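The next part holds the structures, each set out as structure tokens.
Two complexes follow with chain A in common, the first pairing it with chain B and the second with chain C.
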Partner chain A sequence: MSATATTVPKPKPKPKPKPKTAAGEARMRHSGGGPREALRRRRGLLAGGGALAALLVLGAVLLGGGTWPAGLTADISAPLDAANDWVVDNRDSHPLFLYFLLHLSNTATDAVDSVYQVLDALGWLGVVAAAVLVAWRAAGLGRRGLRVALTALGAFAVCGLLGMWDATLLTIALMVVSVAAAALLGTLIGLAAGLSDRVDRALRPVLDTMQVMPAFAYLLPFVLVFGTGTPAALFCTVIYAAPPMARLTALGLRGADPAALEAAVSLGANGRQRLWTARLPLARRQMLLGLNQTIMMALSMVVIAALVGAGGLGEEVYSALATTDVGKAFAAGLPIVLIAVWLDRTTAAAGDAIGTSAPARSWLHGGRAWALVAAAVAAAAAVRTTGWPDAWTYDISAPVNRAQEWITTNLTFTEDWAREFTLWLLNPLRDALLWLPWWSVLLLVAAAARLVGNWLSAVTATAAMAAIGVLGVWTKSLNTLSQVLAALVVTLVLGFLAGVLCARAGRLERWVRPLLDAMQTMPQFVYLIPVVALFGATRTSAIVAAVVYALPAVVRITTQGLRDVDPAAVEASRSLGASSRQQLFGVQLPLARPALQLAVNQGVVLVLAVVVVGGLVGGGALGYDVIKGLSRGEMGLGMTAGIAIVCLGLVLDRVTQRTSRAPR
Partner chain B sequence: MRTSRTLRTAVAVAGALGVLSLSACGAADTGKSSAAGGDKTVKLTVPSWVGAQANVAVAKQILEEELGYTVKTQQMGEVLAWDALSKGDIDAILEDWGHPKEEKQYVETKKTVVKGGDLGVTGHIGWFVPKYFADEHPDVTDWKNLNKYAEEFRTAESGDKGELLEGSPDYVTHDDAIISNLKLDLKTKYAGSEAAQITAIKKYAKAEKPFLTYWWTPQWLNAEVEMVEVELPEHEEGCDADPEKVACAYPNTPLQKFLNADFAEEGGEAAEFLKNFNWTTEQQNEVALMIAGEKMAPEAAAEKWVKENEATWKAWLPQK
Partner chain C sequence: MNGDTRQTTGAGTAGAGTAGAATEADAKAGTGADAKAGTGAGTRAGTEAAAPVGDDGTGHPEPPVFAVRGLWKVFGPKADRVPASAELTALSPAELRERTGCTAAVRDVGFDVRKGEVFVVMGLSGSGKSTLVRTLTRLIEPTSGSIAIDGEDVLSMDKARLRELRRHRAAMVFQHFGLLPHRTVLDNVAYGLEIQGVGRAERRARAAEVVAKVGLAGLEERRPGQLSGGQQQRVGLARALAVDPEVLLFDEPFSALDPLIRRDMQEEVIRLHREEGRTMVFITHDLNEALRLGDRIALMRDGRIVQLGTPEEIVGSPADDYVRDFVRDVPREQVMTVRTAMRPANGATEAEQGPAVAPGATVSEAIEAVARSGGPVRVVEGGRCLGVVDDAALLAVVAGVPAQEVAA
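Now for the complex of A and B:
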């Protein structure tokens, strides 16, 4: 069961490393430990409940009700705005910029530019040949390799057919550079964390925070320092995409088979030799999984990067939105999905191929096969084709627009749904949260975090919630929180249902998989317009966008969790005459609880990640403030809202994440 | 053993830092080098709204076909574009709706941006209702009667108040202040992007439902959905000086062009052409409609317009 987190099918943008589930598992065993243990827990709960009640009475008497008191706020927007002005005034003259940051920025531009030149020089034939052959080689030589190679061929052919060839190349160039930098950075951090316990402890909260931090929140400072264009986009992508690589590298190094390490020691290997010959090779599979995740996360930044002028497919999507041309946005979004599928299948296959040795008699093996790949690509490049031929393109925007038109005219009930949803769920939830006295919200957060995790997580969550109040965005944050909670409920209901269905019917899962891939990698911007056309510029639209984004991960983790339930237990219950319903509710779901909890946690993190995108379609609150800060260059406003989102993320993460009882 | 490893690590780190500082010992080029291409390159920003895309498309067409320049365009937010203009990442903004703070900072204080003259198009922001609603209730076009109709504009989002639909956070708005200062039963609803606002308006129009929106002319959608302006208290010079106390209509804004200071001096024919670039609201709308209404590519729309309106743009070319 401990493999839940790592064997979940691949494009899952935010991996939770194994220890969390392992810890959850440990706790489950722990908490299920006999009647005495249960009694002790109940007593603890009672004591906690009593303390909570006492605090509530005390708070009501001493502090009264209402929203966060104005006296307890600290406005950080003035210093931020001052910093903003300082950067603008000094970035052409200050040594920090001249001797360091501008070098970084120029190097980034040059790197992306030169990769693009190389791809361009290869010509379309060369690029397609390279993609197909590398996929084939990386996936092994059997039927699997053939299938992956065909996927690559199809992906690139469609990119060309859609008339997006040049934009695709530019995006790939940006991806190559940013993934390389993110992988390097991630590996270095992962090495440090994997080899030293102290570094690991220090880094964990940092990585946790990075994971819940929406990319929009730090786009702004980067734009200020590096200006619009490739460098800002590149650095944001690197920061966003590096954590999974770091986590999984550290995980791989720590999880190495002790017997193998012992063997290396007994053979007299010193520290460095052990690292190179035993630990790193043993961690290779985890590291490839990390690379896979890094690629997926980098791809999800493509459109956001276009907001700061990175060009490529993101810009095509973005400019299509100006004329509300859904067809064109779709034509630009599809290649992003296809690149994701191609890279995902290739790296996943490469990861699986590790350890399975090639058939010995095959002469196409090792270096020889790579040489063949290189030769073939060189030959294809030598044909000197240029861009994708114009004659081989097909414009899909007209039919897509017609389809969208038809859907929005005929599905009129959606608007009523949105109305009822707002009136009966969203508004009451928001008003209830706002009605609660501020201190009772803090107490609730503390109690929930303590119940799920340990004291440390309770303290973190409460501090984060208090920070929101101090920043002076209490009301807006609770508004956002109500939207996140509503989105989470919808996501979980749909996700668990779909997950159970998929786990029970294997064929269904195979059909659903490409759809889930597309939902997760298709930039939300592409479906924002149809969503608004169906639900209006309302908070409901924002929630729909969030649900679409978060659903795939929940479905996948649920399916995987149910699948991984020990078949012996299911078999036993069946032989005892349990109906299939009883099997599901009595055996499979309880046993899959750690996975379900992981799904909840992932759902929260992902829903929160698109709060900012929700601001673009009428979500308002924090998401809107971030966009406003970004587009108007108001650092104070944007950063305050961004930090508040991070704090909300920390609160929700701690409240939904099982940790071991005692802080370690 | 332990110390020797620590030592080795320290040496490695020091070495890495050394290499880094070596590579950084020269001062980096600022800004301008980041764009590839030769001398005859002009970099323009493409704003998110279609009218401004029309400016850029036509300017690009003429610069490339008549004057032999290469034009690079980059999409970005308005304020980001000011920043990029100051740095020289772009050479010109062709349509600016008024950014007093940036104008002060870059034009007056830093002197990295210079004015490029009028675009010729006059922009106007206001509150609009659809024509079908105004026809039924002619008195809605006076702000004093808005409270009477507030109920009609109610949505699930605005609760017991009427909804005033707002657009992208980019755009200049004083609506929250106007509502509270005029004591109106309205509430702003920020759609968050122009695309979302347009989609919402189209949705209302299709169902012929009443709505009230922050809107502006020239805008290509006006040809598709007819709207009537609600008259707010007349605009007087300085009535919007204090953002908290605004209680008047938006002014008519002659849209401005701005050029990077170095480009304005050394940009040669391109700079002169962009300074001369000047067309009417109708002409801009013609191109904008081709792009947005007929979904033509901006390049194709510009090519068509340039072919048909030679007399207009010949006057923009630099005198030889």
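Now for the complex of A and C:
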């Protein structure tokens, strides 16, 4: 799950949230309409509480305490291992592989290879020229185009300087193929969902669920089918990155100005004309936003897919982290960050440039500028440069490692903090969760999901939690859960505080905003590098990385929520003489509650994504099992953990997802 | 205008008193409830809609552009049963919703739109007027009834024929413009031609002419987002004009505009109508706009036409209290003509001396003439004196006192 998914725009006119909770109902009583409703609701709440208490007593008497009973588990790792063995044995003989999957994986490998060859043939000068000029053209010429072009130039220069040129090219080759495939797939799905209500209804829950699943959980099924290597990495990237494109295409098609569509019909346009001349052009901006998110998610996944043999920059980071070589990890992580910034700026600028201004009145516009770009790239390629010249590289790993050593010897307080945090918060939390009788955890999950959502989400959440127990990974999952909860608490406290500050101080927000933007575009993998440098390989470092990763989204949504509060309501309270404290707690925060709940939901999803990746740096628990399964080929162990992660994700999402998903 | 302002009423369920049961019976009889008693004093019973198409006895040999009979549009579950059932059609809108869950947006409407006239459908929001205009080209599929364009049945058209109708014969101007933001003004105007398959050079040339005609010359390369609301609606108007349609449909085109710009646009429409004489169906909720533009006005309420007539008839002889309420604040002297206010001349001196006005002159013009001359004014048409108006008759119009009482 990449943070970029949080920028999915909600349909513009947000329907006023119906007061779903007891507090909301209680407030409604004053508005005349619903005293009886509130009474009924309160009675329901009482009845629910009573039933809960009765169940608790009953459970304590009948089921006793302790963790998930061994008798209720079902081991799925043996059959999964068997399946894996079967795949390995039959990969060269079974018709399913010979006639279908093998073709797929060969095509994937060939595609990536050929793109890489092209990039290689362009030479460093050609690649840099192409990146810079395309950025310049896509951003709409002029001054903004210049800025974006400079960003591209800087990004590629640093990649070369750090000696990561080859790895960068490989990552870009993977990106080109996977983004092309994901965009195509997403557009097709989005077209279907945008034009047919039935497809939309069927797809929406699937896309929603896909967006809450941590990137980590996508890897294993593809490894099972394709084995480690480029095809597995490519296909899971495509699947992971396609949803935002599908979603936003559908949203754009659905959100098109109805008056314009009606005008097209009234002029006698047939279905095809309507699609090509009105619907698709009107959805163009949303589709470009979708492309931007797809690119950012693909980058995040391509980097993580190093675990399944994707190669490229991710591979460098992964091997560096495995040996805790912070300097090398930095050298590989920095290019990832720069590529993220370059891609984000270029696509975002292209999206902004659409339809906002009249066509430039210079001779340089439209096709002519593209022709110029192509000619310049061809000229640069004709120089026949090869890879980045060795003489122009600089190895930063030594100085970074020296700095890290200095930090670990002189700034011991970070490790002290980490130890204290583990001792006083993390361990007690984990122990408390484990101490809770297993059935009471299920009850808690059900009650919480019912309280914020509807019966369906309560059932889903409880079933997912029970599935974790059945899989036999109860203890590990609760360990992971405790890390998620600890990280979430820290994230929310910091995020809400920062959000309130940003909403109240416009100048602060202007300063913070670019920082948040940059942070949101970065793949989750790179966050692990600095925290390992500071905190060593412990659970705490995974949590810190999770907090840092989730914070931008929470701050952003909180700020936006507070900003969007009806100014008339704030003005009314000010005119009644409310202090700014009273305004905040009496008006702004209550009215921004939907946004705050969304922030909690996004926060929990993002935190989980990083906490499981934290298995790489000492996070242990489920994330570690996945990595172990991947690196040692223990498919059963890894898949079990992967499924448990998905279940945990479902539980956490449903427990924090406000109301039903229907009208979103 | 068709030159015959005496023609009145007639269509649909219009009629004094709006006797519900009677109209239903008429509708089922299939002849249309059209041959109804005239609503206005001094006007004769309208018969044009009831008569066979092509001969309404008032000098309109051509078939009407649109002939609508017994039209229903019902939204909701199993909408078909509502127009078919005498019991359900008799219900009020609220009762109907309670009984069936259906909303009848258009209820048993019938009227003719004559060639070259501006036909205004006027009503408050929710009266069904926007639905009505959309059923004319089946942007909304009507539930029952019949619509004919130039004598050709619209409801039986297949898809291709219907597209043909929309492409060439009727073009619409929308309240919210419905422009394509990613195209320039010129390409927006040319959009209808593009859909017809006209080549790029030709459609752009034709679009450029229309852009100039609506006063947007010089703005061809702008995007809609860079234009003011009034300019955007000019683009919408130009887009409709560019396909050279037989009839223009306007759906509250100026409601979203500021009052001053609205006035400009109304004058633009009047000018275009004067220059080209194109048939127009104009939907509005603004009574003043209806009176300014309309040759005839159909006043709608709850999906029915409560009165259909010239502005003068609507203001001068409202069909019921609802209409009367509606037109209460209208400055009557600016709508009523001297034709309604005049009385026969008393003797030859009155008939042959004194200043003259045309029968189509408004009462306020006559008031000015009377004030200047100090005596009665002759109403003269083609050198023949039709009657005279004096201060008493003019005051009666302004005061809203029926002419008979004055005479008595």
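Throughout what follows, the second predicted complex is superposed on the first by the 508 of 664 C-alpha atoms of A that agree within 3 Å, B and C clash if a C-alpha of one lies under 4 Å from a C-alpha of the other, contacts with A are read in each partner's own complex, and residues count from 1 in each chain.
The working rule: a residue touches a chain if its C-beta (ideal position, glycine included) is under 8 Å from a C-beta of that chain, and two chains touch if they have at least 3 such contacts.
Please read all numbers here as calculations on a predicted model, not as lab measurements.
Colleague: With both complexes superposed on chain A, which partner does A:284 reach: first (chain B), second (chain C), both or neither?
Modeller: A:284: touches chain C, not chain B.
Colleague: Of the partners chain B and chain C, which touch A:537 in the superposed model: first, second, both, neither?
Modeller: Touch partner of A:537: chain B, not chain C.
Colleague: Is A:262 touching the first partner chain B, the second partner chain C, both, or neither of them?
Modeller: The answer is second: A:262 touches chain C but not chain B.
Colleague: Answer with first, second, both or neither: which of chain B and chain C does A:307 touch in the superposed model?
Modeller: In the superposed model, A:307 contacts chain B only, not chain C.
Colleague: Taking the superposition as given, does A:273 touch the first partner, chain B, the second, chain C, both, or neither?
Modeller: A:273 contacts chain C only, not chain B.
Colleague: Where does A:114 make contact in the superposed view: on chain B (first), on chain C (second), on both, or on neither?
Modeller: neither
Colleague: Can you tell me whether chain B or chain C touches more residues on chain A?
Modeller: B
Colleague: Flag every residue of chain A that touches chain C in the complex, lowest number first.
Modeller: 257, 259-270, 273, 277-278, 281-282, 284, 354-356, 358-359
Colleague: Under the touch definition given earlier, write down the residues of chain B that touch chain A in their complex.
Modeller: Contact set of chain B toward chain A: 5, 23-31, 33-34, 36, 46, 48-50, 53, 74-84, 86-87, 89, 105, 110, 155-157, 159, 165, 168-170, 189-200, 202-203, 206, 291-292, 295.
Colleague: Using the touch definition up top, name the residues of chain C that touch chain A in the complex.
Modeller: Within the complex, chain C contacts chain A at residues 137, 139, 163-168, 171-172, 174-184, 191-192, 194-196, 221-223, 225-226, 236, 239, 243, 249.
Colleague: Quick check on the complex: what are the chain A residues that touch chain B?
Modeller: 85, 88-89, 91-92, 97-100, 102-103, 105-106, 109, 113, 223-224, 227-231, 271, 306-309, 311, 315, 318-319, 321-325, 328, 397, 401, 408-409, 415, 418-419, 422-423, 427, 528-529, 532-533, 536-539, 541, 614-620, 623-624, 627-628, 630-633
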